Amino acid sequence: MTTLEEMAASVPDGALLALPPDNSLPSVALAKALIRRGAKGLRLLGVPVSGFATDLLIGAGCVAEVQTSAVSLGEAGFAPRFSAAVRAGTLKVVDATCPAIHTMLQAAEKGVPFMPLRGLIGSDILANRPDWVVMDSPFGDGERIVALPALSPDVAAFHGVMADSLGNVWVGRRRECATLAHSSRRVLVTVERVMEGNFLEDERLAPGTISGTYIEAVAVAERGAHPVALLDEYGFDANHVAAYARAARTEAGFNEWLAEHVFTQRAAA
Amino acid sequence: MSHKPEELLAVTLARLIRARPTRHIAVGAASPIPAAACWLVSKGGSPVRLSLLHKRSGNPFTEGTRELFDLTGQGRIDLFFLGGGQIDGQANLNLIGTGEWPGREVRFPGSFGSAFMYFMAGRTILFREEHSSRVLVDRVAHISAPGVSEPGVFRRGHAQALVTGRCVFGFDPARGRFTLETLHPGETLENIRAETGFDFDVAPSLGETPAPTAEELALLRGPVCDEMMETYPEFCSRVFERKAAA
Amino acid sequence: MTTLEEMAASVPDGALLALPPDNSLPSVALAKALIRRGAKGLRLLGVPVSGFATDLLIGAGCVAEVQTSAVSLGEAGFAPRFSAAVRAGTLKVVDATCPAIHTMLQAAEKGVPFMPLRGLIGSDILANRPDWVVMDSPFGDGERIVALPALSPDVAAFHGVMADSLGNVWVGRRRECATLAHSSRRVLVTVERVMEGNFLEDERLAPGTISGTYIEAVAVAERGAHPVALLDEYGFDANHVAAYARAARTEAGFNEWLAEHVFTQRAAA
Amino acid sequence: MSHKPEELLAVTLARLIRARPTRHIAVGAASPIPAAACWLVSKGGSPVRLSLLHKRSGNPFTEGTRELFDLTGQGRIDLFFLGGGQIDGQANLNLIGTGEWPGREVRFPGSFGSAFMYFMAGRTILFREEHSSRVLVDRVAHISAPGVSEPGVFRRGHAQALVTGRCVFGFDPARGRFTLETLHPGETLENIRAETGFDFDVAPSLGETPAPTAEELALLRGPVCDEMMETYPEFCSRVFERKAAA
C-alpha cells in the first residue's frame, strides 16, 4: 500500500500514461494528484478514448501529447481545455480509432510485435500514423490489412472498487482495465477500500479481479473516480461535470476551478 | 395527430431499420433519436437485439469496451448509426475537425470507432439533424471513415441512408453517390440543393417523408419513452412531455 | 430452453465441434448424449487440449478428426481410446500448441483473418500445418513470425454453472469459454440450473457471464461436467476417471463402460 | 541425514532456480518434484511468485487458460519447466510420439504449450526422472519444441539445464550442446554415457550432485509438504511420509 501523493510522485515527467475514459474506471484522484505534483510532459493514452481526467491534466499544463480516439465530456460536450490546446497548437494529438487502441494493447498483452485490424484503410487517421503499416495478407488471398504495432504504456492508472490483502484488484466487468494492466510496464491503482483475503480464491470475485502480478502499487482514494461513476458504487455527477465544462471555457475559469477542486483538496487532506 | 420533428425522425429511422433484415443493432451515438427508433422497432414487435452503449445502468458487455468492436468484427452487428462533424457526397465522415490536421481550426472530439465500425457493421445509417452546407460538404476536410473502399479492402457494409432534419438520402456504394428520396414537410428540392454542399441525384419517386402513424406515436410516447427515461430524461421531457418521477 | 437430447440432435454429423478440456467446463453430459444419438464424423477441437469427453467420443466411434494440443486424462494417464485410435490409424490428428489454438479463436473473435504468434518456428507441429504460414514482420525488422488463420468452430459446447431467464450463462473465471463463444458459429451450453433475472444487470455476476447474444441453446444437465470438477460446485472424481482409464484399455472394456455409464442413463432419464 | 531420491532432485532443481534472478515461475508439468523445488525456494526466503497450474483449489488466472501464455509472451515468466517423451542432444523436445507422424508407434499426449513456452519463458529447466537411451536420444523422432532457433526468430530463453534421475546437464544454446555437470550418488561417467543416447561434453569440475542439507530437508518435510498436501497427497505420503488429515 502506498499513498496517493507517493503514487503521483512515482510517475515520471514525460511518461506514456494510459488512462481509461469516463465510463471505464478512471482514477480522477490520481490525475488531481499529478496536477498537484506539477507533472510535466506527460504523453497520455486514451483507452480507447479520453474524458474528464485528460481535460484536467491538459488544462493544468501536464501534457505534451495525447494519443486517443476522441476527447469528450460526454453529454457536457466538447472537452474545453483539450479544444483550446489544439487550437493553440500546444498539444500534440495522435489520433486513433477505438478498436486500434484495444488491438495495440492486446498485441502487447500477447507478446506479439503486431496485430492486424480490418477497417482503417482510406481513413486519414491511417495517413497520419506512420507507425501503422498496410500489409498484404500472408495467406495470398489479396486482402490488404493494417498491421498495428504492440503498445506498452510506461504507466497505466485506473480506479478499482477494492483491493485485497495480496494486491489483487476488483474491477468487475471493466475488463479493458485488465488488458491495460497486462500490457503496461507499471500499473498504479487507486481503490475505494481494501478487504481481507484473496479475491482469486473466491469463484464469485475472481472473474472481475486483476491479479496483483500485474500491479505495482495500490492506494486508497475514496470516491476516487468522482465525478465519474464507479459501477454500482456511485453514479455520474452530471452537474459537477457541467459546471466544470462551463468554468473551463476560459483559462482563468479553469484555474479558479483547479484552485477550488484540486489544490484545496491537499490542504484538507 | 400532430407530432414533433424528433418523432418524425424516429419513425423515419425505424422504417429504414425495418427495410432490411436486422437481428442486432448497436447504437453508440449520443443522440437519443436513433435509440428511440430502435426501441420503436423493438416495441412494434420485431425481434431485434439492441446494444445501447449510452444506457446509464447496465451494460450489455462483459469484455470491456473492446467487445462492441469484436462483436462487429464477427459480423454480428447488422446495423450501426454514425454521424459526423462533416459528411460529404461520397459518404465520407469527418469526426476529426477542420483546418490543418488534427483540426487546428475547429477540433471535433475525434473519430471514436468509426474508422472500423463503418466497414464492419452490416450497414450504417448516417444521422445528423443539422442539414446545412457547413455540415454536408462537397469534400470533408479530413476523412475519419471513408464512404467506399477499394478492391482488396475487406468491407462488410456501407451507408444505407443519410437522414437529416430536412430529408432522407439513400446511398449507392457502387456509384458512391447519394440520392434524395423524401423531403420532410415544408422542404423543397431547391431548398435542399441550397443547403447541401454536395451534388446528389434525385429519386424519380421523390415525395414527402411519411408522417408518423397514430400507432407509431402511441408506441413512442408510451413504451419507447418508458425505456428511454432513465438514460435520456431531458429528451423524454422535451419531446414526449414526460416528467421523471421525483 | 431445450433438452439435452434435442441439443445433441442439433449437432450435425461432421461438424467442427469445440470442447474445453477437464479443467475448463466440458459438457460431459452433451458428449454422452452425442454418443447416444450415434453422432458420426465429428471433427473435435480441443480448447486448447482435450480430456475425458474427447476420449469417450473417440472410443464410441463419433470422431473422424481431432485438432488439439494434447489429449490426456491428467493424473489418470494417457487417454486410452485416443491412443488406440492413433495406433490403428482410424483418427486424423491435427496437432497444435495451446497458445496457437487460443490465438486462432481470438482472431475469429476479433474478426481478423489471422493473428501472429511467436514461438513455433522449428517445431514439427508447424511443419505439419500447411494452414499456418511463416511471414516476415511487416515492420521490416527482420523478424520471421507465424501467422495463424482465424478459426470459427461450427459448434462450441461447454457446461456453465447457471443460466438466467434471458439465456446469459455464468462461467466464472473460465473465460476461454467466452472467447470460444465469441468465435463460434453456434454455441450450446448445458448448466446445473436456471435462475430468475438478468446476470448482466448484476455487477457481481456480470464479469463471469457470457451474454446470451452468443448462445443458441441452453439445457439443464445436473452434474453435467461429472466426473470433471465444476468450479466450487463439485470436485474432480478421480476414482471415476481412474476406473474409466482401466476399463478403456481394451475396446471391450470401453464398451462395457459405455453400456453402464452412457446408455443406461437414457433409460433412467 | 538420509534422504529420498525425490528430495535430492527437488533441492537440485531449487539450486538451479536460485542460480539466476527469478521473480516468477510457472509450473505446468504434472510432476510434483518441480513444484516442491519452487516451494523450497519460496519457503527458503526468496521472494518469488509461483503460478502452479496443477494446484487443485484456486487458480492464479482470471483470463482463462490463455493467461499463462500471454503472461509468458509479455516476458513476465522467468522460468518454466518442461519434460518430454524424448529429449535429444540439442535440447529438442518430443511430446508427440514415435513412428510416423503423428506418433503411429507410440503416441504421447501432445505438445501442450511447449512450442511457445520454450521460446518465450526467460529460461526453462528440463526435468525427466527416467534417464535412459530410450528417452535421451541422439535425435528426437519429432520436434515439439526446438532447443535452439535460427536468427530472425524471436527467442527469449533456452534450456538452462536438464535434470534427470542420474545427473545434471547444463545446456549452452550457442553451441547447442549439453555438458555433464554433476552425477547423482552412485552414478559414474561411464554409466551416464551408456544410458544416454546423445553425445555431450563433460565439465572439468565434474563432481557429485550436492546432497540436501538438514535445513533443506526440514523445509521440504515441513512447510513445503504443507503447501503440497492438497494437490499431491500421494506424493507427500510416499516421499515425505505425511498422511492427509482424515
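The letters A, B, C and D name the chains in turn, as written, and every chain counts its residues from 1.
We adopt the following convention: a residue touches a chain if its C-beta (ideal position, glycine included) is under 8 Å from a C-beta of that chain, and two chains touch if they have at least 3 such contacts.
The UniProt protein names, listed by chain, are A, B, C, D = CoA synthetase.
It should be emphasised that the depicted structure is a prediction, and the values quoted were computed from it without experimental measurement.
What are the mutual neighbours of chain A (CoA synthetase) and chain D (CoA synthetase) in this structure?
Expected: C.
Looking only at C-beta pairs that count as contacts, which pair of chains has more of them, B-C or C-D?
C-D
When the C-alpha atoms of chain B (CoA synthetase) and chain C (CoA synthetase) are each averaged to a single point, how far apart are the two points in Å?
41
Express in whole angstrom the distance between the two chain centres, defined as the mean CA positions of chain C (CoA synthetase) and chain D (CoA synthetase).
So the centre of chain C (CoA synthetase) lies 29 Å away from the centre of chain D (CoA synthetase).
Report the inter-centroid distance (CA atoms only) between chain B (CoA synthetase) and chain D (CoA synthetase) in whole Å.
Averaging C-alpha atoms per chain gives centres 59 Å apart.
When the centre of a chain is set as the mean of its C-alpha atoms, what distance in Å lies between chain A (CoA synthetase) and chain C (CoA synthetase)?
36
Hunt down the residues of chain C (CoA synthetase) that sit against at least two other chains at once, touch-wise.
Within chain C (CoA synthetase), the residues that touch at least two other chains are 110-113, 117-118, 143, 145, 173, 175, 178, 206-208.
At least two other chains touched by the same residue of chain B (CoA synthetase): list those residues.
Correct list: 59, 61-63, 69-70, 73, 120, 154.
Assign the assembly's chain-to-chain touch graph to one of these shapes: line, ring, star, complete, other.
Here the contact pattern is something else, fitting no line, ring, star or complete shape.
All pairs of touching chains?
A-B, A-C, A-D, B-C, C-D
Can you check the complex and tell me which residues of chain D (CoA synthetase) touch chain A (CoA synthetase)?
Touch residues, chain D (CoA synthetase) against chain A (CoA synthetase): 24, 49, 51, 57-63, 69-76, 120, 154.
Enumerate the contact residues on chain C (CoA synthetase) facing chain B (CoA synthetase) in the complex.
Residue list for chain C (CoA synthetase) touching chain B (CoA synthetase): 108-113, 178, 182-183, 198, 200-201, 206-211, 213.
State the interface residues of chain C (CoA synthetase) toward chain D (CoA synthetase) in the complex, per the touch definition above.
23-24, 47-49, 68-72, 74-75, 78-79, 82-83, 86-87, 89, 93, 95-100, 102, 106, 117-126, 128, 142-145, 173-179, 236
In the complex, go through chain D (CoA synthetase) and note every residue touching chain C (CoA synthetase).
Chain D (CoA synthetase) reaches chain C (CoA synthetase) through residues 30, 56, 59, 61-66, 69-70, 73, 95-97, 101-104, 107-120, 142-146, 148-150, 152-154.
So in the complex, the part of chain A (CoA synthetase) that touches chain C (CoA synthetase) is made up of which residues?
For this pair, the touching residues of chain A (CoA synthetase) are 103, 106, 110-118, 133, 135, 137-139, 141, 143, 145, 147, 149, 172-173, 175, 203-208, 231-232.
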